[in-house]
Each structure stands twice: as structure tokens, then as C-alpha cells.
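Alright, structures below, take your time with them.
There are two complexes below, and they share subunit A, which is joined by subunit B in the first and by subunit C in the second.
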Partner chain A sequence: MRSKHPVRESLIFLACVLFAIFAAFPIYWMINTALSTDQELYTGQSLWPHLERVLDIPAFLSGSPAFAWLGNSAFIAFGTTFLSLIMAVHGAYALSRFKFFGKGAVGFLLFATQMLPEAVIVVPLFAVFAGFGLLNNLYGLVLATTGFIMPVALFILKGAIDKVPFELEESARVDGCPRYSQLMMIIFPLILPSIAAAAVIAFFDGWNEFLFANTFISDANHWPATVGLASFIGQYSTPLNVVMAVAFLFTLPAIVFFLILQREIVSGLTAGAVKG
Partner chain B sequence: MPHISFNKVSKFYGDREVIHEFDAQIEDREFLVLLGPSGCGKSTMLRMIAGLSDISSGQIAFDGRVVNELEPRERNIAFVFQSYALYPHMTVRENIAFPLVMDRFKGWYHIPIVNSIMRRSIAAKPEVKSRVVEVAEMLELTDYLDRRPRTLSGGQRQRVAVGRALVRDPSLYLLDEPLSNLDAKLRAQMREEISALYRRVGKTFIYVTHDQVEAMTMATRIIVLNNGKIQQIGTPEEIYNRPVNIFVARFIGSPAMNLIPVTVSSRTTMVRDTTFVIDVSPDLPDGQYLLGIRPEKITIDGANSDSLCARISVVEHLGGESIVGFRFADATDPALSPSRMMESTNYARIPGTAALKVGNIQKFNIDTDSVNWFAEDSGEVLHPTLNRRPC
Partner chain C sequence: MTITPTLDGVDQEISRGKRIKGSGPPANGPRRRGWIAYIFIAPAVIYLAVFVLAALAKGIALSFTDTRLLNPSGGNFVGADNYKGLITSSQFWDSIAVTLVYTVATVFFALIIGTAAAVLVNRPFRGRALFRAIMTLPYAVPTVAVTLIFIWIYNKESGVLNMGVEALGFGQVGWLTDPSFGMISVVLTTVWKVFPFVMIVMLAALQSVPDELFEATRVDGADGLSAFRAIVLPHILPTVRIVALLMTIWSIRRFEIIYLLTGGGPVKTTNTLVINIYNSAFTGQKLGVAAAMGVLGLFLSLGAAVIFSFLERRGAKKEGVA
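== the complex of A and B ==
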């Protein structure tokens, strides 16, 4: 079917292409730099990346702790996601469905965690972690990150649970379904899109964790990739191609995780927008 | 098969009393309708019977056993919600099977992830599958078993909700305004289907509605509620023909019962300044009363000594019958304000399409056997001996 406004649509399409190029350029430049030699970096990179060198990256990074750092980042990201979601689902259900003394205060305190910049509590948290033996420990980092991101996930899920009609739980109750199973068998499947959205937020928070890791982890073997990447920046030289190669590898799992959950997230963001 | 007894059951939300000392008995295999206007407490009452709401005071007993503290599951009931409350992520088959699956769930099956596996495993058992198919056939849902609720029409969703209630063969069915989300035609069809279902399963039904047509057509007995208090308990005929107070008289019937202010003096009845010959009990003291008469008990044929003159204010032809509005006040006081005139409008239901003109004075006859007398101050019906005509 021919468009009624071909010029306008062409201009919109062109604008979209320009925005896409603008957004994708840093990624392109990262890949291009990662696939360039030291000499090319100084003499001028070719505009077309040497994609044939992709397979050389593992050998190129062998001996460097990059893969161990990526493993540490993955541990923190998945740990944060898992712990945040478990706590957030239960907390959100309680805040959505129960009446209890101090409910308003609990909601406020959870919200208050978002008012404090992480940098403000890094020193007191360091003292606490030192006392509990959680320094140089990835579990400690998971706890610290969860403390900040769990309330965000909780409020996302509370909003989703609020929209689930309570008659569904009452109906399940009449059918003989106990309270906890009402949450797991009835509510949980209905809020999956919001859980996916919360999971992505928690995952990226853990994956991009830098401040706590830089402060609490002194052992290079326990660094996540963020801190490891930062360590490449030297006083006299910075191996840009190595940094970009590690950065490229660092980006891949996050993209894959997002793509897996993308469909759920999109429906989660639009759920409830239309009465149906 | 429970005999249900209510002993001064009350419900408070904070300081607000929404059910006031509800005392009633429900016999086995009754189709009881809790009828009342919105906010009268009828749904709250049903939820207390189901165990979904706590009882503030009093007792509910099934066959003499107090069930106040029992979980809904332990009361062997089924509940059909106004919104149907179908599980959106389950197919029709899974929805109907859910109560049977829960019956067969052991404690450890409720562990997350295990519950999902066991739910599917139990639903696949031959006895569960065959029972679901049996119920689906009864409700003509066989073709929709593998569809999700969102793909069904309102009537089909309603049937799935009923199917889920039926599948476990409970002894008591509780239905909370199940037809209110349907259009008028479908509502009439589902009314018949629920009545047929009641006759087929032969169990006790308690049905909440604000729709008097549903109550009158389906109930074996009706409890009329207002402001959390029982107004009247009786068969549909009793409720319709012998209302105990002007609330019931006005709530049941469309148009509602006419309540005509009259003066009785020396066994003579006066409507405004017109003497109206109607036999009253010799024990009825002189005074002001409200004379209650159903619209279909008023005729316009001929003119005799009990005729009342009134001015016709509205004529609605409904095809097989006509609704004629008339005002006594208007006949004598044409300067009356419109709102005051509306208050005093009475209605007659006349068979056929009567050739009446708005504004004309017309003589109306009252079937004096069908008159109900109400005290003007309290609105309560007079004692039967006073209410009866002398023989």
C-alpha cells in the first residue's frame, strides 16, 4: 500500500537511521579499536573493522585475568539478580497484600535507600564488612549491591502485584490453595513480565558494579571486570585495543541477557496500559 | 448437605456496622437469594459464609457445627465471583481442573517449581481429565478446553467459572452477582442455565444480586437486606405480594408498589379530599396510613364506587402492556412543583395499548383484595388482622 505522506515518512526514517548510527557508533568504535594493532592505533584505524581478527582475541587475552574478572562480574550480577528477586517478590507481596503495623514506615525506609548515593555509605559499609569478614569477598559485594537494587525491584513488583485482582487469590483459597502457593502458582506467573524487567535492572546493576568492588576488593583475582578494566589505565600508557577487547567481551553477556528477556520486558512495560 | 444457621451474625469495619445481627436459617437444597441495593452488605454476608471474611460477632453453623474459624476449603463450598476470577495464565481445562488438583496436592507439592510440575502431573491423571471433560460437556465448553480465558466471551467465561465450582461437587454453591457483567440477553439465558443447573445438581445455592428479576425468577426463598439489616425473609410470592415494610414494597417490582397516603376515618378511606369506599378492618384505628397497591392491581375499566379520579401524567406503551402514570395531587392542584408532582406519581400496568391521553382526568379502580396497609410513621406493614378486609 502506498503511503499518503511519502516525504514525511522518508524524513522520519532518515532521522531514525541517524539516531541509530549515533547510538551504535561507540559500539562500532569499541569493536574497531579492539581489532586494531598497536601500530594501527597510532597510524590511523581503518574504518572497516578487521573482523577476521575476532578469533585472535582469546589468544590475545590469554594470560590476562580478563576471563576471571568476567566470571566475577557474572557471579555478582547473577547473585544480585537472584537475591534481589527472591527478597523483592516476597516483600512486594507483603506490602501489596497485608496490613501490618509500620507498613508505611517500611515502604518509606525502602524508598529512602534510593535517596542516599552509594558513595555516602561506602565508608561505614567498609567498616561493617570488615567486621563481618566480607572484604575481598564476592558474596559481600552481592549483599551490598542487593541492598541498593532490591528496593527498586520491590517497588516494580509491588506495582505489578497491586494490579492482580485479589479475587484470583480468594478463588484459589476457596479451591484449597494455601497462601504461599497463591503467590507462587497464581501471582508469580501473572507478574513474570515485571519480574523480567526487575531482573534486567538488577542484573545490570550487579554487572556494572564498580564503587563497592573498587573499595572492598583489593585482591586482583576477585576484581570484577569493571575494576579490572579500570586497572589497565596506566600512568604512561593505556593499551586501548586490550581495554576495548575486554570491554567488548564485557558487553556481550549483558546484551545476551537483555535479548533473552526482551520480549517479557516489553510486555511488562506495557502491561496494564490498556484495559483488557 | 448442610442446613445453615445464622445466629446474630454481625460484621464491623472499624466502627461501621455493615451487617447487623443477621438471624436466619437456610434449609438444604434451597435456592436462597440475598437481595438488596448496592452497599447493603449482601456480598459481605456471602463472603462470611464462604470464610473469605471474618465474622465480627455471632455464629454461622453448617449442620450444627460452628464454622466461624474454618478455612473456605474446609467448608466444602464453591464460590462464583462477580468478576469470574479465572486464572488468566491457565487454559480452560486447567482452570476447571484446579480445585481437583488442589484436592490431590500433598504438603511438599507446594514447594516452588515442584508445584508447577505436580499441577501438570495431577491434571493429566485419567480421573481428573475425565471429570473435567464431563463438566465441560455439561456446560458446552468442550471446544474451548485448550483456550485461555481472555479468548472467551463473557458468557463462556461465566460458564468456566461455574464449571470450576461444579467440578468438585461441593454441598453449597455461593454465587456473587455472577450475571452482572453480562448484557441483558445473555443474562436472561444464563439465568435459565443457572436455574437448570440448580435443579440438576440438587444442592444448596446462595445467590447474591441487586437484580429483583433474577431474585424473583430463580429463588425458592429471598432475604431482602437494607443497610445490613434483614428486611424480610420469604418466598418470591410473599415478598412481592405481602411486603413487610415500605422499603421492600418499593424495592421489589417495576414499577414499584404505589404507596398512596390516605386518611381513615370511621372505616371510610380518604385520598386527599376524595372519599374512597374501601372496606377496612373494624379494628383499624382512625388515622393516617399508606395504602400499598401493585400497579397491575389498578384498572381503568368503567367507573364504580371505588373509582379514584386522577390526572394522567405519562403513558408508556410497552407492546403487550402499557404503564400509565397518574397523580392525585395534579387533579386538584395544577400549580404543584414538578419535583413534588414526581413524588406523588402512581403507576398502573394496563394490558394492551390503552388509548389514554396525557393530561386527561381518568377514573382508576383498585383491587381492594390486594391492598397492603402501612403505618405512615414507621413504614411497617400493619398487623395481619388489621391488614385484612372484613369478611
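== the complex of A and C ==
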């Protein structure tokens, strides 16, 4: 569309710039802070980042436990993604392709999980996990986190399977293809974009998980990056630029992932929320 | 905090009441009946039954005991004492009120800003893809990193926000320490983090609005905003309602941002229900009381869902979709 009203068009463009600044500034400020010295931070932080210091970052991170934390976060994120997707693919297939007694109850159970605050569940779960020795244990965190994100993955995949024409499986069945192979050989490849979306959303959830980890993990060796980063709050022995550098290191994979898979994530997010 | 996305089909199915009995999409042909479906769905159901339902049942059981943190498997049955204590406690009702204020403010501003951003980048212009990407970035930033950045931005002596405030000739503001500003700071941070979700979903809804309708809003002399309200808004209203429901449920659930920014302070001005529950359990060490608070809190989420499903039905009737 050609712009017909130059003044109006430039006002709209200006509004876009303001929104973009609003969205980007805190991220920019994290990077700027990571590249400042303590001295500068408390005497007036420069608005322009000291980009020449980027190469110093690895040096001052070398002694910090940041990489161990990131490793723990990666373990939780991959574990949560793997466990959620296995259950979600099969569950979504059942909900999309079959009628069965109790289906309404299953749908309600999945929906109800979404309404439940984690902070409500964490109290009794703490009591349960204490009994099973699952406190201070990364597997316990994977188990707890999966309970909250698996239903989301399941709904995304159910929506995707709903769109696969039934006739494809029907003809395969006539050819003698067993039911499980129909799911794996026919449906699975067709819903790969949605699986990618569900995987990234589950991964983000595990990567971001804080509440369960903060409650269940007291051993600092098992901290994920979320709990490690939060431990910097209110303690002044770690310089702020190091804190922000670790925060940035933790943010970077999420942003890169997001930018690469933006199309899939957006379609996953909007699949059910938009009607028509 | 989960950045849990859509509830997909199910919230629509629930809010429409009847569809949940499995009247599947007709385009998919016949649905099969069969016991084999139970095998496919069993892992998910058993999993939720063990880790969510059993935990919930355990929570209800705990709520009738005086269990303490240091001995989570001990504790004596105390009847409804915890509930009686809560209902007469002004701190409990204060935290309900704080939750409502936080939820309404967050949902309201996130909807306005997210929708405005979506409308802005919906029209084609040079560099639109770049603007879209930048505006969705906050969605990808992990919540704990978000709070660390904002704690520094809000810093009273050296934070950039007060640098700006002072440049305008005002005094330093204690964004996270002054009781009149705690809630504002927490809401601002939350809105920054969640508005991209609203934008992404609204953008998809706007793309389903026919182009001619947008043309109509651009007619010479027409007031853009009122034209938008009269012509485009009715089209995207069903999506607005679903997004509002999701945002409400997430606001009631939200933990990290508030816990890490203010911990419920200053002077309990941001002490939402989930923060109150967590602090009662793990600082106050009263698991029983915290569990009772959680059970009462479930009614809050349930109430929100009921209100929205009522609005949905009324809206559907009005639009003649039902």
C-alpha cells in the first residue's frame, strides 16, 4: 500500500520506533551493564556500551559457576522437552483420532492443570518429594516441570493432528499398516512443524523453571541458572557486570532459538487462541 | 514461571460446553472407537494423576493439619482451624485484594499495549519484519533475567529510570522500596514481559480481518480510533476474550517476577496470593496453613474461568455465532 498521508505515516512510524525502544531497551541495558565497570555503574553509566570489552567477558566468567548452572538448566530443559513430547504425541493422537469413554474428563484434567498455580502445588509436592528422596535431584525437577508443560504440548499437537486428513491413515490401514506405524510413519512427519513448536515451548519452560528448583534444590552444585542468577540478588560480592554477563549468557540461547524458530513458535502460540 | 501458551482447543471446548464430548472436526471423517486409545492417552493421564492430582489431594489433606516445614510428613489433624484462621485474617484478604489489583492492571495494560503494537505492525511498511522481531524479543528473555535487569533499572541511586526522572527535575523514586510505587514497578515489568504474547496472537487475529475493513478505517477524515473500534474490534473480540482469560489465569499464577522484584513488599503492597502461600510455607514454615490458602486460592482461578465463560457465551449470543 502506498502511503497517502505523509504526516500520518511518519507518526505511525514514530509510534513503531517508540514501541521497539520500549521492547528492546531492557535487553540493551543488560548488555550495556555487562560491559561497564563497577566504578562506572555507580558514578553514572554510559548510555553507549563499551563494545571493545566484549572480549574480556570470557576471562571474568572463567572462575564463576555459571557454566555448571547452564549445564543443569540444559539438562532440565532437554529432559522436560523429551518427557513432555513423548506423552504429548501419544495423548494427542488418542484425543484427536478416537472416541472413548472418559474423554471429557481427560480434557478437563488437562485444562485444570493450566489453572493451577505452581505455588499451590509446590507445597504438597515438597512433602511428597521429601518422602521419595526427590529433593536435591535434577530428575525430580524434570518430573515436576513436565506436569505443567506437557498438557500445553499435547494441545498444540492435538490441533496439528486434527488438521491431518483422516484418509491418509485410512488407506494405510487398508494396506495393512499397523496403527502405531500409522502414527509414527504418516502423522509424525506431517506434524513436524508443530512438534518443533511444542518442543521449543517445552524447552523454554524447562530453561526458565525457577519455582520448583528454588524450593527443591538446596545443593548449589545442582542449581540451574535461574536459581544461580537469583542468588545474586541482594548480595554484593559479585560485581554487577558479571551478574549481567551471566544473565546475558543465559538469555542468548533463548533469543537465538526464538529468532530461528519464530515462525513455528508463533503458529504454536496462536493455534488455539485465534478463531476463524 | 511457565510461559505457557494457549490452552488450544480445550478452553474453547470448555467454554462452549457441549463440544467436549468429542464431536470431532467433520473434515477428518469418522472417529474410531477403541480401547487402544486408552493405551495412547494413559501415560499422560497417569502422569498428571500422580504429579498433579495426587499432589492436589495431598495439599487438601495437608490443609487440615498443622504440618511444619521441618517435618513435612508429620503433623496432626486440626480440623478446619487453618481455614477459620485465614478467613478471619486481614492479611489473607489483603493478599486477595492485591492479587485482584495486580491481575486487572496487568491484563488491562498488556491487552492495550499488545493490541496497539499488533495494529502498528500489521500494516505493511518498510522494515516491518525487523520491528516485529524486536517487539517480540521480551517473550524470549527468561523471567529471572528479566527481573535482574529491572532490579538494576529500578535502582534508587544509580538506576537508569531515576537518571531519567532526575533529568526531568524530579527527586529519586524508590521504585521497589516505596509502598506507593512497588505495585507500579511490578506491573510495568510484567507488562513488558507479556505484551509480546498479546501482540503475536492479536497479529494473527488481525490478519484474518478482510483488507477492505482496514481500508474503511483509513478513509479521509475518519477518526482512526473510533473507526477501529466500530469496524475492526468486533472482528477480533473473540480473540481478545480468550487472550484476556489466559492472561488472567497466568496473572493469578505468576510467581517469579513478583517474588524476585519485591518478595511481596514493600509493606506487603505486592503480596499476591501465590507469594503469600510460598512465604507462609517456606519462610513461615507453616505447610498446613499454606496448603489451606492454596485450596481457597483455587476458587479465585475458578471464578475467573467462570466469569470469562459467561462473557464468552453472552458475546457469542450477541454476535449470533451460537
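Operating definition for what follows: the second predicted complex is superposed on the first by the 244 of 276 C-alpha atoms of A that agree within 3 Å, B and C clash if a C-alpha of one lies under 4 Å from a C-alpha of the other, contacts with A are read in each partner's own complex, and residues count from 1 in each chain.
In this text, a residue touches a chain if its C-beta (ideal position, glycine included) is under 8 Å from a C-beta of that chain, and two chains touch if they have at least 3 such contacts.
Worth saying up front: this structure is predicted, and the values here are computed from it rather than measured.
J.: Which term applies to subunit B and subunit C once both are placed on subunit A by superposition, clash or fit?
T.: fit
J.: Which partner does A:Glu170 contact after superposing on A: first (subunit B), second (subunit C), both, neither?
T.: In the superposed model, A:Glu170 contacts both subunit B and subunit C.
J.: A:Arg97 contacts which: subunit B (first), subunit C (second), both, neither?
T.: second
J.: Looking at the overlay, does A:Gly147 come into contact with subunit B only (first), subunit C only (second), both, or neither?
T.: second
J.: Looking at the overlay, what does A:Gly107 touch: subunit B (first), subunit C (second), both, or neither?
T.: second
J.: Would you check which partner chain A:Pro189 touches, where first means subunit B only, second means subunit C only, and both and neither mean what they say?
T.: The answer is first: A:Pro189 touches subunit B but not subunit C.
J.: What is the value, to the nearest 10 degrees, of the angle subtended at the Cα centroid of subunit A by the Cα centroids of subunit B and subunit C?
T.: If I round to tens, I get 90 degrees.
J.: Between subunit B and subunit C, point out the one touching more subunit A residues.
T.: Higher number of touched subunit A residues: C.
J.: Using the superposition on chain A described above, determine whether A:Ser181 touches subunit B (first), subunit C (second), both, or neither.
T.: Once the two structures are laid over each other on A, A:Ser181 reaches subunit B alone.
J.: After the superposition, what is the least C-alpha distance between subunit B and subunit C in whole angstrom?
T.: 9
J.: Quick check on the output: what are the common subunit A residues between the subunit B footprint and the subunit C footprint?
T.: On subunit A, the overlap between the subunit B and subunit C contacts is residues 165, 167, 170, 276.
J.: Using the touch rule from the top, collect the residues of subunit B that touch subunit A in their complex.
T.: Within the complex, subunit B contacts subunit A at residues 50, 52, 71-73, 77-79, 81-83, 85, 87-89, 98-99, 102-103, 105, 110, 112, 115-116, 119, 150, 164.
J.: Can you check the complex and tell me which residues of subunit A touch subunit B?
T.: Residue list for subunit A touching subunit B: 165, 167-168, 170-178, 180-181, 184-186, 189-190, 276.
J.: What part of subunit A is in contact with subunit C in the complex they form?
T.: 1, 3-4, 9, 12-13, 15-16, 19-20, 22-24, 26-27, 29-30, 33, 41-42, 44-45, 86-88, 90-91, 93-100, 103-104, 106-111, 113-128, 130-131, 143-144, 146-152, 154-156, 158-159, 162, 164-167, 170, 179, 201, 204-205, 207-208, 210-211, 215, 225-226, 229-230, 232-233, 240, 243-244, 247-248, 250-251, 254-255, 257-259, 262, 266, 268-276
J.: Inside the complex, what are the residues of subunit C that reach subunit A?
T.: Interface residues on the subunit C side: 1-14, 20-22, 24-25, 27-38, 40-41, 43-45, 47-49, 51-56, 58-59, 62, 67, 72-73, 113, 116-117, 120-121, 123-125, 131, 133-153, 157-158, 160, 163, 192, 196-197, 200-201, 204-205, 208, 218, 238-239, 242-243, 246, 249, 252-253, 255-256, 260, 273-275, 277-278, 281-282, 287, 290-291, 294-295, 297-298, 301-302, 305.
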